[in-house]
Amino acid sequence: MPEASLTHEFQYSSARHQAETAISGMWLFLATEVLFFGALFLTWIYSRHWNQAGFDAGARRTDLAIGTINTVILLASSFIFSAGLAFIEAGNTRRLIQCCAIAWLLGIGFLILKFGIEWREDFSKHLFPGPDFAINGPLGGGARIFFVFYFLGTAVHGLHMIGGLVLVGWIILRARRDEFSFRYYTPVCVVGLYWSFVDMVWIVLYPLIYLVGRGP
Amino acid sequence: MSEVVIETPGAAASYLANGVTLRSWLLTTDHKRIAVLYFGTITFFFFIGGGAAALLRYNLILPQGMIGSAETYNRLFTLHGVVMVWFFLVPAVPVTLGNFLVPLMLGARDLAFPKLNLLSWYLFVAAGFVVLYALFAGGVDTGWTFYTPLTSAYTNGHVVATAVAIIVAGFSSIATGLNFIVTIHRLRAPGMTWYRMPVFLWSLYATSVILVLATPVLAMTLLLLAFERIFHIGVFDPSLGGDPLLFQHLFWFYSHPAVYIMILPGFGVISEIVPAFSSKRLFGYKFVVWASMAIAVISFLVWGHHMFVAGTSLYSALVFSILSFMVAVPSAIKVFNWIGTMHKGFIRFDAPMLYAIGFIGLFTTGGLTGLFVAALAADVHLTQTYFVVAHFHYVMVGGMVSAYFAGLHFWWPKITGRMYPEMWGRAGAVIIFIGFNLTFFPQFILGYLGMPRRYHSYPPEFEVLNVLSSAGATILAMGYLLPLGYLTWSLFYGERASANPWNATGLEWQTASPPLTDNFVSTPTVTEPPYNYPPPEVVHRHA
Amino acid sequence: MRFWLPQATTSAAEVDYLILALLLTSCAILALVFGLILLYMIKYRAGSGIDRGVPGEKTWRMEAAWTVGTLLIFFGLFVWGADLYVRLFQPPSNALKIYVIGKQWMWKIEHQGGQREINALHLPVGRPIQLVMTSEDVIHDFAIPAFRIKHDVLPGRYETLWFEVNEPGIYRLFCTQLCGTGHAEMFGEIVAMSAPGYQNWLDQNGAEETLAKAGETLFMRYGCSGCHGGNGAGGSQSESTVPAPSLTGLYGSPVTLIDGSIITADDLYIRDCIVLPDTRRVAGYPPLMPSFAGQISAEDLLKIIAYIKSLTPEKQL
Amino acid sequence: MSQRFRSLLLAWVLLMVLLAIEFGTSFLPLDRSARPLVLIPAVLMVAVVGTIFMEVGRGPEIVRLFAVAALLWLSMLLGLGSLDPMTRIDYPVQAAHPR
């Protein structure tokens, strides 16, 4: 690893100082993200309170299989990226690249399942809460709000996924240029935090969308 | 306060002299230059919003309205609200004085993330263009509060574009807040312990906490609103199963803390100026500090007081009312501490101090009238009338804008390297104080008599007080144009400022005026508590 | 030009006392703040040679004193305001109900006798009045400054407001929630009259078609009579083969539901039966009643409920 | 390194188990208002990701501060935000559904 990457920007006292600051910055950013999604979760709690039956009717129309597979995929992706981070801490760049590549592909798989298949299915079943919405009658109102939550939640989460994939791709490129070593791998840490956070959001969205409203 | 060795800086070492090309400004990551960029932007928006306010007051001179159409009037007050809230009040002190001073006061070279800082300015400018487009291409007539279902289903204004602009401006605020928090945690100079930090930094820290944690909720709320408006689906629309009160809850979860985003930096500015011009330590430093932090937390727990007559549950009204009284306590503590600081001081009456004293008076009035609208039964009568308008203008304009001007005059020599003309500065402070009271005091009475907000025309019995208010507004407008004139003049002809013209403590006064590009010749080491003003007997009037 | 508002209701004076207390507290604090600032500005100006002594270092006693002091004052004001608020929004049961519908940009008022007015509300002094309010479009707010009272009027649900006027006169009514372009035109007047005067007014204004009368027509038009019988006497007594409960004397009487609970048939129950029949089915009948949600306007619903309420056993004779 | 890898792997297995529990409980005949209990495994999963994948325990002190702040403010939003609907009685004009 060239010594150059151990230098630090002029406002910091050391490279370690800079690295820890970058990691703290990402954590704080994630705190803002918690509140961003928090507003969506409050919308869920609030609207479900007034429309429990409608929410459940909506939830029963979602595709549990794809949702569950996607959860497994995302958890695996987050796990493998964290493993990559563990490898680079030990200086193994080759393994880092492999792990990131798998994590990246899993992420792509998630997006394909979610937007390529599940969303298309939802649209063809008229589950988008537009003028030809499938669920009518007394439960229609609640089901509509449920699907607003579903589409907005998955769309915003999907955008975060795309952002995360760009970042993971950037890590792969930099790792291929051999820019990381056991002494310098801050960007891997920072991206790892973000990637795991996207995972966390999904962990909460998954039961809110697929499980809570699904009784026997 | 510290052992900084100040060598006489050559002109080339000043941050202002470090390149004069447009590129050197637009691509700079120097926090001081970004602050200057922000000064320009903020001033622009202040006068846009102020112009709208002038038209509003002009309209209200006659009961039937001077401006022909109610539509125009509604768009004007929405423009005034949106621009003033998101493009002036929320960012004003943090992005200008804050950006400039946070690293200097900490003894740091720059903020933790300089590129992010520049990005925040570009986001802000982009948001500014979008909002100007939206507001001038047809405008929005829903008020800055965007209540649904008026906004989501009934109005035909540019709601979505305005919402997008506010979301982008919000990201700009988040970037600034994040930068400040991390910087204050990580980049304090050696010896700069938490309790040696000036209160200005503490209050910016508290402000940033709110910026970072409240703004994302607004972003999601406006996203839901835009979604609802575009696709005609109702999270907030009762005819589609939603509840409009959910919008109000989400909106005020941001917008109530947001008023503390506006006023907390003002507290910080005043806490610097009062000790400096009293040549005395800040009274009860730790109480002032923890009052700020308490406000940062409690301000999130009171939003429901905007909804006492909106149809929320009785329990929620009771809970939010008592919490609203609680949040007034830390503000009261601060006022008492500023007065305590003046006690037995050596008080000088330079323009910053006059603005600061004006702030204390106006803010106290604004704060006390807040008690009226926190008390449930009184709020029922007073809410949504001009009483509320007067109340928040006392806090936001009388308080916050006075504090902004106080800080601007106080640090003007540091920022520009020039003194402003003192007599003009004092005159400005007095004119603004008088003009402000003439404009807004009559509105308290109007509100008590029942004149509703956002009325393009009004019953004739309210005419006298409205004329009085509009007359006061002309004086206030002159008061605001005056500093624009003499401060601009001083940029070219002002007397050159010394490094520390006020004999103030604080690391920012220990470097040159204007500061060096790298802020300090060598990293300062702090060994003393803040506001360690020398005992009165050795104080000398500044030359 | 006057700088004082009439106190036209029984609670207006109470609200004014609270505001006065707030005003006096504020003035006392303001006098203290401005007084001390002025005093110090003069006494401790930099040029004055006054002896300042040694500055005290300990501040916590002062801090604790004013923190606790303000807390106590604020708590007292909270309790006062909250107590009054609770009373302001709990209508007595004998209140005269008047229906208010807000729409862009007018107030439509309907009295129990079916008299309607727009942007004006006639009411009697000396007895509690309860307004039952809803909106047809956006959020409005029904505000009467002389009564010191206001409440938002929301679409899709009923909000209520009550007061008892004790001073005959004409008072201003405003919409105080921004509701679109015509917001400032959405005002009107409250005409408070003596009880005989009010009765007189009622008699002169559209007694020809009361709410209940209008409801009877609608009862036929919406097909209610198909099952419940032409005069609401119940399915078994009509030509219909559908078993439906009798509505005669229903209002105010106890009803046994399918889950065994017994409730009193009030306005809310009757309304629920029409728009949300699944929520509280009456025992002893098959669940055939369809939901009329979304098919009956708020106004028509009020009329039908008024009609059902008017079906007392005596009337059948 | 292998130590770290092993704890990551363990965490992943734990996540899979929790996911299975969550998935399974969602089929239990729970009462409608008790169904949010399904979220308990999800909260545990978030905790696992936060502590093991994201190593909230490592790094400078403020990392914990930020994490706690995020949770505290989230609880303010959700707690006070649901106070009003949970304690309110609405009198709807008509059942809310379009058309």
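So that you can tell them apart, the chains are marked A, B, C and D in the order they are listed, and the count of residues begins at 1 in each.
By our rule, contacts are C-beta pairs under 8 Å (C-beta built on N, C-alpha and C of every residue); 3 or more make two chains touch, one makes a residue touch a chain.
For clarity, every value in this text was computed on a predicted model and none was experimentally measured.
**Q** When C-D is set beside B-C, which has more C-beta pairs in contact?
**A** B-C
**Q** Which chain's mean C-alpha position is the greatest distance from subunit D's?
**A** Here the answer is chain C, farthest from subunit D.
**Q** If you average the CA atoms of subunit C and of subunit D, how many Å lie between those two points?
**A** About 40 Å separates the centre of subunit C from that of subunit D.
**Q** Using mean C-alpha positions as chain centres, tell me how far subunit A is from subunit B in Å, no decimals.
**A** 35
**Q** Please work out the Cα centroid separation of subunit A and subunit D, and write it as a whole number of Å.
**A** Going by mean C-alpha positions, subunit A sits 15 Å from subunit D.
**Q** Touching two or more other chains, which residues of subunit B qualify?
**A** Where subunit B meets two or more other chains at a single residue, that happens at 185-186, 213, 217, 238-243, 245, 249-250, 253, 314.
**Q** Return the residues of subunit D touching two or more other chains; collapse runs of consecutive numbers into ranges.
**A** Only 60, 62, 69-70, 73, 77, 81, 85, 90, 92, 95-99 qualify.
**Q** Which subunit A residues reach two or more other chains?
**A** Within subunit A, residues 20, 24, 28, 31, 35, 38-39, 42, 46, 50-51, 54, 138, 140-141, 144 contact more than one other chain.
**Q** Along subunit A, where are the residues that touch subunit B in the complex?
**A** Interface residues on subunit A, with respect to subunit B: 9-12, 17, 20-21, 24-25, 28-29, 31-33, 35-40, 42-43, 46-47, 50-51, 54, 129-131, 140-142, 144-145, 148-149, 152, 156.
**Q** In the complex, go through subunit C and note every residue touching subunit A.
**A** 276, 278, 291, 293
**Q** Please name which positions on subunit D make contact with subunit C in the complex.
**A** Spelled out, the residues of subunit D in touch with subunit C are 90-99.
**Q** Can you list the residues on subunit A that touch subunit D in the complex?
**A** Answer in residue numbers: 20, 23-24, 27-28, 30-31, 34-35, 38-39, 41-42, 45-46, 49-54, 56, 68, 71-72, 75-76, 78-79, 82-83, 86-87, 89-90, 92, 136-141, 144, 192-193, 196-197, 199-200, 203-204, 206-208, 210-216.
**Q** Mind listing the subunit C positions that touch subunit D in their complex?
**A** 134, 155-158, 268, 271, 275-276, 291-294, 296, 298, 301
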